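By letter and in written order, the chains are A, B, C, D, E and F; residue numbering begins at 1 in each of them.
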Amino acid sequence: MVNEGPYTHQASDSAYLFAKATLEKGHQIHRVFFYHDGVNNATRLTEPPQDDRNVVTRWSKLAEDHGVDLVVCVAAAMRRGIRDENLAPGFRISGLGQLVESGIQADRLVVFGD
Amino acid sequence: MVNEGPYTHQASDSAYLFAKATLEKGHQIHRVFFYHDGVNNATRLTEPPQDDRNVVTRWSKLAEDHGVDLVVCVAAAMRRGIRDENLAPGFRISGLGQLVESGIQADRLVVFGD
Amino acid sequence: MNETTGGIEDGDGSGIVKKFMFVNRKAPYGTIYALEGLEVVLISAAFDQDVSMVFLDDGVYQLAKGQHTKAIDVKNFSPTYRALEGYDIEKLYVERESLEIRGLNAGDLLVPVEVLSSAAMGDLMKTQDVVIGF
Amino acid sequence: MNETTGGIEDGDGSGIVKKFMFVNRKAPYGTIYALEGLEVVLISAAFDQDVSMVFLDDGVYQLAKGQHTKAIDVKNFSPTYRALEGYDIEKLYVERESLEIRGLNAGDLLVPVEVLSSAAMGDLMKTQDVVIGF
Amino acid sequence: MLHIVNKSPFENTTLASCLRVACKGGGGALLLIEDGVYAATKNSIAGNVVRSAMGDIQVYALWPDVEARGIQDRVLEGVKMVDYGGFVDLVVEHSNVQSWL
Amino acid sequence: MLHIVNKSPFENTTLASCLRVACKGGGGALLLIEDGVYAATKNSIAGNVVRSAMGDIQVYALWPDVEARGIQDRVLEGVKMVDYGGFVDLVVEHSNVQSWL
């Protein structure tokens, strides 16, 4: 669960590096759920400075390479202007129930936020 | 100067209500500068719940009714996925120099943020 | 939630009932965490899990009586806490020390809660399966 | 900045020279405020104003020596503080108490600074025209 | 000089920093807004800190934020309430403003 | 139980709350990440608090965050360093995790 947007807080970076380490250790990631300002990780319109990491495309690549399910909360996304039209590849918009379902299905739930 | 995005922090609400009171008192507003996550106030794609205030259109209306100059920092906007294609009416994207210039020209500069 | 029927109608059909604890540590209105946190709690009710809500630190202010938000033009969501019972969310815990340093007591709160010591709160946390903080 | 020539070449052509103070109170990397704050300071140099930078509270950590950010995959922007002199931004102030409670002293910092007491810092703030905090 | 604090004193050390650094020496004003208004509540630890600072500075709180949070009946004596118009007046009356974010 | 704290103890009361509520009674672990790692610095007020909590809980800090902040030479004795892989192991070893946001 990622609660903060790209760049502003380190939460998204920490979550990504944690997710990568999880996969490297051979564990499965049931889902990454983006809530609160975390939904801003899913905009395809970011264009960070060239010498900086690209937080959004990094998530997209994780989804492509490892089939990780990246879910953006619809209610939080509507408040913040994330829609299908500016959604980056690999993300899907769905309901909060997906978070609760992950809590039920996964062995552990780790929250990254502010 | 508004530093935080809509809904997540109260900063944008406080800034708007302060700006409105400023105009009602007969003062002039030289500029509202949106920086850090404040640039997210400028997305035309938000769609808050029907019983909630619409932070973005409220700013647009302030610009329309009172000619207030709403400036979004280009560097901060690029990091966060705000571009001309999702910019709400009344906002314009420009450089950080516009903030410093406001500091020089205006009698007071008030910062709203987290 | 009624624990004896929890497994029967649960929302994801898996039959699993876990202990979910939602930890509320932020004041309302200054940030959106309290409101969006409450939305998660309401949704969780549909999954027939063993849900508890904890109010710690500034989170206790979420339950303060007498909130009037008209002048800041934000929706007053505090009445929703009164509605939690209707969702079978009945386990509300507040830490005693959080109330005391704010000059509050249980009578200042909108809904009946169980007041716990810090240590008792910590013991309760340890027994949970999923802990989500806002 | 050289105050005697400040008005002549200033960036907006108005000839006004104001005292700008940038107050840095946040640690680097945990949030972006320190980095984006620094970007404002650099831009302000082009306007030939009387600029000072203040480091208070966790802001003093921005100036800590030995930052290595490779493992968190974030750009290390601390060398930029060394470059401030080249932008004629030479008034850097640090509050003594902020250093002390963190177990730091001026020798632990990347650049030479003037260490002030809380009261002296407060007096300096009062004399400013524009104060922007990050 | 006008100082603005918008953080809860129970969660964040911002108010303490503001009082330590900037509110000494007299003549200044402190305006509590957003979650900062919790500092203006009596019988609380933060309220005691604010009360002892009142000798040095004028303390104001933004009434719309006080009322939103349901603390209108427990406001510390001596804290002056302002609405957004009063907030504007405070900004005008003081030669500079610092928001302690 | 694994507790994660990501806030600077000098700015925010989160670490204090975590230690007060959840880290009593033994058996738990505390992982400091992001700005939370500043709590692991010796000769500082926060470091003293962490040191006295060590009797009750195991204290870890995320090395990449420590190194980023330039505090690698002033880390409190007894704080165990982990990388992201070690962070994953801590999550696996404990039956539940709480992020104190």
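Throughout what follows, a contact is a pair of C-beta atoms (placed from the backbone, for glycine too) under 8 Å apart; a residue touches a chain by one contact, two chains touch by 3 or more.
Just so it is clear, the model here is predicted, and its values are computed rather than measured.
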(message) Just to be sure I understand the contacts, which chains border both subunit B and subunit A?
(response) C, D
(message) Under the document's definition of touching, what chains do subunit B and subunit F have as common neighbours?
(response) A, C, D, E
(message) Using C-alpha centres only, name the chain that sits farthest from subunit D.
(response) C
(request) Would you identify the chain whose Cα-based centre sits farthest away from the centre of subunit E? (result) A
(request) Express in whole angstrom the distance between the two chain centres, defined as the mean CA positions of subunit D and subunit E. (result) 26
(message) With centres defined as the mean C-alpha position, give me the subunit C-subunit D separation in Å.
(response) 42
(message) What's the distance between the Cα centroids of subunit A and subunit D, rounded to whole Å?
(response) 34
(message) Roughly how far is subunit C from subunit E, centre to centre by C-alpha average, rounded to an integer in Å?
(response) 29
(message) Where in subunit D do residues touch at least two different other chains?
(response) 29-33, 57, 72, 74, 129-130, 133
(message) Quick check: what residues of subunit E touch more than one other chain, meaning two or more?
(response) 6, 10-11, 13-14, 34-35, 64, 83, 96-97, 99, 101
(message) Can you list every residue of subunit B that touches 2 or more other chains, as numbers and ranges?
(response) 7-8, 10, 14, 17, 36, 52, 75, 109, 111, 114
(message) Per the touch rule above, enumerate the chain pairs that touch, sorted by label.
(response) A-B, A-C, A-D, A-F, B-C, B-D, B-E, C-E, C-F, D-E, D-F, E-F
(request) Write out the stretch or stretches of subunit B touching subunit D in their complex. (result) 1, 35-36, 75-76, 95-97, 99-101, 103-105, 109, 111
(message) Looking at the complex, which residues from subunit F come into contact with subunit E?
(response) 10-14
(message) Please output the residues of subunit E touching subunit C within their complex, sorted ascending.
(response) 6-8, 10-11, 34-35, 38, 41-45, 47, 63-65, 67-74, 83
(request) Would you pull the subunit D residues touching subunit B in the complex into a rising list? (result) 11-12, 14, 16, 18, 20, 32-33, 36, 39-40, 43-44, 46-47, 49, 129-130, 132-133
(message) So in the complex, the part of subunit B that touches subunit C is made up of which residues?
(response) 7-10, 13-14, 17, 51-53, 114
